[in-house]
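Supplied in C-alpha cells, the structure appears directly below.
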Amino acid sequence: MDDMNDMRMVERAVDDKDLKITAKGVDVFYGDTHAIKGVDVEILDKTVTAFIGPSGCGKSTFLRCLNRMNDTIDICRVTGQILLDSEDIYHQKVDPVQLRAKVGMVFQKPNPFPKSIYDNVAYGPRIHGLARNKAELDEIVETSLRRAALWEEAKDRLDQPGTGLSGGQQQRLCIARAVATSPEVLLMDEPCSALDPIATAQVEELIDELRARFSVVIVTHSMQQAARVSQKTAFFHLGELVEFGETSQIFTNPKDPRTESYITGRIG
Amino acid sequence: MPLIWIILAVLALGAAGYVLGRKRAVSSAGGDIRILHSLPNYYGMNVFLSAVVPALLVLVVWLLVQPAVIQRQVTQLIPDNEVMNSGELSLIMSDVRRVADGLDSAVEQGALTREEARMIRTEFTNIRDTLASIGVALGDDVNADVLNAAQRYRSLQNTGNTVMAAAVLILAALGLGYAYSRTHKDFRARNTVERAVLAILILASTIAILTTVGIVLSMVLETRDFFHLYPAREFFFGTEWIPSFEGGSHLGLLPLLWGTLYITFIALLVAVPVGLFSAIYLAEYAGRRMRGMAKPMIEVLAGIPTIVYGLFALITVGPMLRDYFAEPLGFGTSSSSVMTAGIVMGIMLIPFVSSLSDDIINAVPQSLRDGSYGLGATQSETVKQVILPAALPGIVGAILLAASRAIGETMIVVMGAGAAATLSLNPFEAMTTVTVKIVGQLTGDTDFSSPEALVAFALGLTLFAITLGLNILALYIVRKYREQYE
Amino acid sequence: MTDASAPVPPKSSLYATSDHVKRRNRTEARFRAYGFAAIAIGILALILLVISIVSNGASAFRQTYITIPVELTEARLDPAGNRDPAEMARVTTFGYAPLLAQALQQHLQGQGISMEGVTPRDLMAMISQEAPAQVRALVLANPEIVGQTVTMEMLAGGRIDGYFKGRVTLETAERDSNVSPAQLLLADRMVEAGMIETRFNWAFITGPDASDQRPEAAGLGIAILGSFYMMIVVLVLALPIGVAASIYLEEFAPQNRFTDAIEVNISNLAAVPSIVFGILGLAIFINFAGLPQSAPIVGGLVLTLMTLPTIIIATRASLRAVPPSIRDAALGLGASKMQSVFHHVLPLAAPGILTGTIIGLAQALGETAPLLLIGMVAFVREFPDAPPEGFFDPTSALPVQVYNWTQRSDPAFVERASGATIVLLVFLLFMNAMAVILRRRFERRW
C-alpha cells in the first residue's frame, strides 16, 4: 500500500486549472457559537481538494456551506462570500435547489433511499427533469453507475432495494446518485469513515477517477487518505483555516506550526 | 355491620399484628436485632400480610357472590303467574329490592321499629304510603308475594352480612395467629414477605388476561344463546334491521355494518389528509415556536371526550350541514346523517393520525433527508418521494388504528348519525351503526332472553372481532416498520 | 469503463431561476400551503367546538328567579294546626301551587302591573313547576313559618328564563304552545318592577336532575358526585393494580409464554372499543354478579378495566426510564431485588406514574358509552349516601348526564347539556394541567 501511495504522490503534478469555487471571509454561526472564522479558500476545477483537521474543527460545517446544506438547519447563519464560477451562491436570487444540482454531495454514512437501485440513481435526474424519456433516463442511470464503478455488480439487480447492498456498494451507489445529476462539484463528507478497508480503497480509487470530470472536495479525518487522494489540502483548526496549499507541500513541508503538530500527531 | 367497619377492623387487626410480630421477633433475638434473619419490619409485615390479604380477598369474593346467591334464593319465592303478569322477572326483583331497602331505611330513620318492619303485613298497612313518607317511591302497591320476597331478601341479606363479617374477621384473626406463632429469630421473614408480594404482583398482572377472558366469555355465551333463537345466516347476511319486541324481528347485520363503514370512510377522508399534512408540516416545515403552539392545540382535540364531540355534532355540525348543504342541494332534511357523524369523527381522529404520523415521520433518519436535499430536491419532493415511502408502512398502521377507533366509536354516532338502518348511498341521510344498535338494544329495561336484546351481544362480538383484527394487523405493521430502523 | 456521453444540460447562471425550478418551487409552495391549511383546519375545528359549547352552555350558569311575598296560609298547609311535619307532609305540592298563583296575582295587582292577556293559568305557568316543591321543602323544614308571609325567590319557568337568555323571542312565542307573547311582555314589566332577576345559578352545579318539564331546575349535583365516586373507585383499584402489574412485567417477569400473553392482552385492551367494556360490565358485574344497576361501583369497575392499560403503559415507561445503575447500586449493597425496586426504583418513577394515572383518570372521567349499558342513564333524583355504601346507590355521571339531557325534547336542555359539558371540560382541563405541572416539576432526565 505504502509503495502505491508514494507512486501517486510523485505522479501528482498540479497544472493550472480553472477556479471553481472561491470563498472569501466566510463566517458561520450556530446560534451563539462562532463555528467558522473568516475562511478564505480557492477550489480548482478537476481537482481533489481535501479538508483535514481534528474533529470539531469546522471542516464539515464549511463543506456544507458550499452547497448551502446549512440552510436546512434553523439556527445556522452564514456570512461572507462564496462564489461558484464567479456567482455568489448566497445571493438572494439563487435558489439552493438549483445550486445543489450543480454542487452534489455524498455523506458520511451511506444513505441510500429505501427504493430500488435504479430509482435511487434516477432520483436526481427525475426531480431536475434531466431526461426527456425512459431511454435517456436508463442511459443516465447506466452511465452514473459505471462512473461509480458499480455497474457490473448492480446491472442484474437494478430493481432490488438499494438498502440490500453492502456498505461499500451502498456508498458507491450514493456517489452514483450524486453523479447522475451531472454536478460540477462533488462534496464528500468523510465518505469512507463507515467503510471497511477494502471498500475504502475502492471508493478512493473512484474519487481519483471522478477528478477527470468534476471538482471534488473531500472532508476526511484520515491524513493518509488526504495524502492518497487529494492534490490540494486545507487544514482547519478551531474554526479557522490554518493552512491551504499543495497536498505534497502540506504533508512534507507545513508552514504553520499547528499544521505540523497535527501532521505529526500532536493535535487531534 | 357496615362494610367500611369490616375493612377498618381487618386493617386494625393487621396493624396490631404488625406491632406484635415485630415485637416478638425482636424479643426472640433478645433485643439484638443483628442476630435476626431479616429486618424486624419484615416480621411485622409478614404478620400483617397474613392477617389482611386472605381476609380481604374473601371479603371481595363474598361481596361479588352474595347478591347472585340471594337473588337466586329470592327468585324462587316469586310465583310463576306473577312473572307472567308483569312480564318481566327483573322488574319484580327490582321492586323487591326497593321494598327491602325501603324497610331498612324506615328502620334507620325511626319511622318503624325493627320489630314492626319484620312483622309488617300488606293486609294491615299500606306499605307504599309508609315508604313514601320516608321518601321511597314505589310504582305500585306492594302485594303479599313481593313483600314476602322482600322480607326474605332482608333476612338473607342480614344473615349474609353477619356471616361475612364473622368469617372475614375470624380469618384475619387466624392469619394473624398463625403468622405470629411462626415468628422467631430464625424465621426467614424477608423471603416469605417477598414471595407473598411477588404473588400479589403476578395476580395483578393477570387481570389483563382475566379482562379479555371476561369480555370474550360474556359475549360468546350470550351470542350462542342468540343464535339458538335467531339463525346466524340471517344475522350475518340479512339486509333488514326491524326489531320488534313482539317477536318476528328482522335482525340483519348488513345495514348496520354499511352505516359503520360509510361513516368510518368519511371520517378517514377527513382525518387522514388533515392529520397527515399537519404531521408533515409540523415535522418538516414548522419552526420551533409554531410547533410549540400548534402541536399542543391539535393534541387537545385528542383529550376531548367523545360525548363532547357528540354534542358538537348534535347542536352545531348537524344543523349546519342540513341548512347549508343537505336542504339547498336537495339531499334531505335530516340533521343527523352519515356526513355529520363522519366529519365530527374525522375531527376527533385528526390528532390520532397526526401524532402517530409525526412519530413515524420523525423516525425516518435525518441522513435520508440530507441525501435528498444534497441532490437538490425541494422539501416537498423529499417528503413525497423519500420520507413518505419510507414511512408508509407506519402510516398505514396508523390509519388502520384510526379506522378501528372509528368503527368502535359510540357517542358521536349515537348523537350524530341517527337510528334508521338503511342501505343508502346518500351521505346526508341518517344511518345507523353497530355501536348505536348495541346501545339501543341494551339500554332501558331489557329482557335478556329475547333475541332483540341478545343480538346486542352478537353485534358486540362482531365489533370486537373486527377491531381486534385491525389492531393486530396495525400493530404488526408498525412493529415491522420500527424494526427496519432500529 | 465506457464513457457514454450523458446529456449535459446547457451551462446556466445561478442567478437565473430556470422555468423547471420555478415550476418546482410553485409545487413546493402549494404543498406547504396544504400543510398549513391542515393545521389551520385542526385548530379551527377546536375553536369552533369550544365556541359552540361555550356559547350554548354559558347561560346554564345563570338562572331567572321571580321574587314575591307568599302568605303561607295555615288553613291550607297545616289543617290540623299542630305544626307536626309528619302531618304537614300530607299536603302535596298540588296543595302549594294555588298558594303561589294567588300570591303572584295579588302582588302584581298590588304593584299595579297590568296582567293584560295573561290568564291566571298562564300566570302560574310563568313560575317553574319546581317552585311549589321548593316552598314545600322549606315549610316542612321550618314548620313554624306557616301562617307568616315570607318573601320567596322562585325559579321562573323555562320559557321565561329562555326569554331573558335570548333563546325565546316574541316571534318564537307566537308559534310556541307553551308560552305566549303576553307572558313575555308581562315578564318585561315584572323586571321593571324588580320582581324578576337573572343571576348566577349554584343549583345547576349542586342540585339534582329534574324531570322533562322542568329544565330550569335541572342540576348536576348527583352527576358530579357519581363521577367523583367512580373516580375514587378507579383510583383505589387501578393505581395499585396497575403499578403492581407494571412492576412485575418490567422488573420480575421472565421471558415466557405467560408474560407474552399478558403483554399482548394489555396492548389489545388499550384498543378495544369502550362500548365492549360496557357489555362486559353488563354481563359480568350486573347480570352475573348481581351488583345493582346505575351504581358507581359498577361504573368504577368498568372504568378501572379500561384505565388499567393506560396506567400500566405509563408506569412501565417511567420504570424503564430509571437507569439500571440505580438498581445495580442497590443490588451491589446487598439489597434484595424486591428491596431495590420498592426502595429505589419506585420512588424515582413516582412522578411519571402519577402523571399517567391522572391522564388515565381524565380519560375515564369523560367516558360515556360503557356507562350507558350499565344503566347510568336512569333518572336519579336522590343523592347517594356517603361511601362506601354510596358506591352501591344509583347515581348518574357527568358525561352521561350530558347525553341524557340531549335526549329530552325541551330545547332548554340543550343549554343544560352544553353547560354540563363546560363543567366536564373544566374538570378535564384542571386534571390535565395538573399532569403537565407534575411532569414539568419532577421530570428528570438521566
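Side notes on the structure shown:
First chain written, first letter: the chains are A, B and C, and each begins at residue 1.
Keep this in mind: a residue touches a chain if its C-beta (ideal position, glycine included) is under 8 Å from a C-beta of that chain, and two chains touch if they have at least 3 such contacts.
On a predicted model such as this, the values are computed, not experimentally measured, just so you know.
Chain centre most remote from that of chain B: A (centre = mean of CA atoms). Looking at A-C and A-B side by side, the one with more C-beta contacts is A-B.
One finds 18 Å separating the Cα centroids of chain B and chain C. In terms of their C-alpha centroids, the spacing between chain A and chain C amounts to 62 Å.
Chain A and chain B have centres, each the mean of its CA atoms, that are 61 Å apart.
Within chain B, contacts with two or more other chains are made by residues 378, 381. Along chain C, residues 24-25 each make contact with two or more other chains.
Residue positions of chain A touching 2 or more other chains: 97-99, 127-128. The touching residues of chain A, when paired with chain C in their complex, are 84-85, 87, 89, 91, 93-95, 97-99, 102, 127-131, 136, 139-140, 142-144, 146-147, 149, 182, 209. Within the complex formed with chain A, the chain B residues making contact are 287-288, 365, 367-378, 381, 385-386, 389-390, 484. Across the complex, chain B is touched by residues 24-25, 27-28, 30-32, 34-39, 41-43, 45-46, 48-49, 52-53, 56, 86, 89, 240-242, 244-245, 247-249, 252-253, 261-262, 265-269, 271-280, 282-284, 287-292, 305, 308-309, 312, 336, 338, 362, 365-369, 372-373, 375, 377, 382, 387-389, 399, 402-403, 406, 414, 417-418, 421, 424-425, 428, 432 of chain C.
Interface residues of chain A, counted against chain B in their complex, comprise 67, 69, 72, 74, 97-101, 104-107, 109, 111-115, 123-124, 127-128, 174, 177-178, 181, 187.
Listed in rising order, the residues of chain C touching chain A in the complex are 1-4, 6-9, 13-18, 20-21, 24-25.
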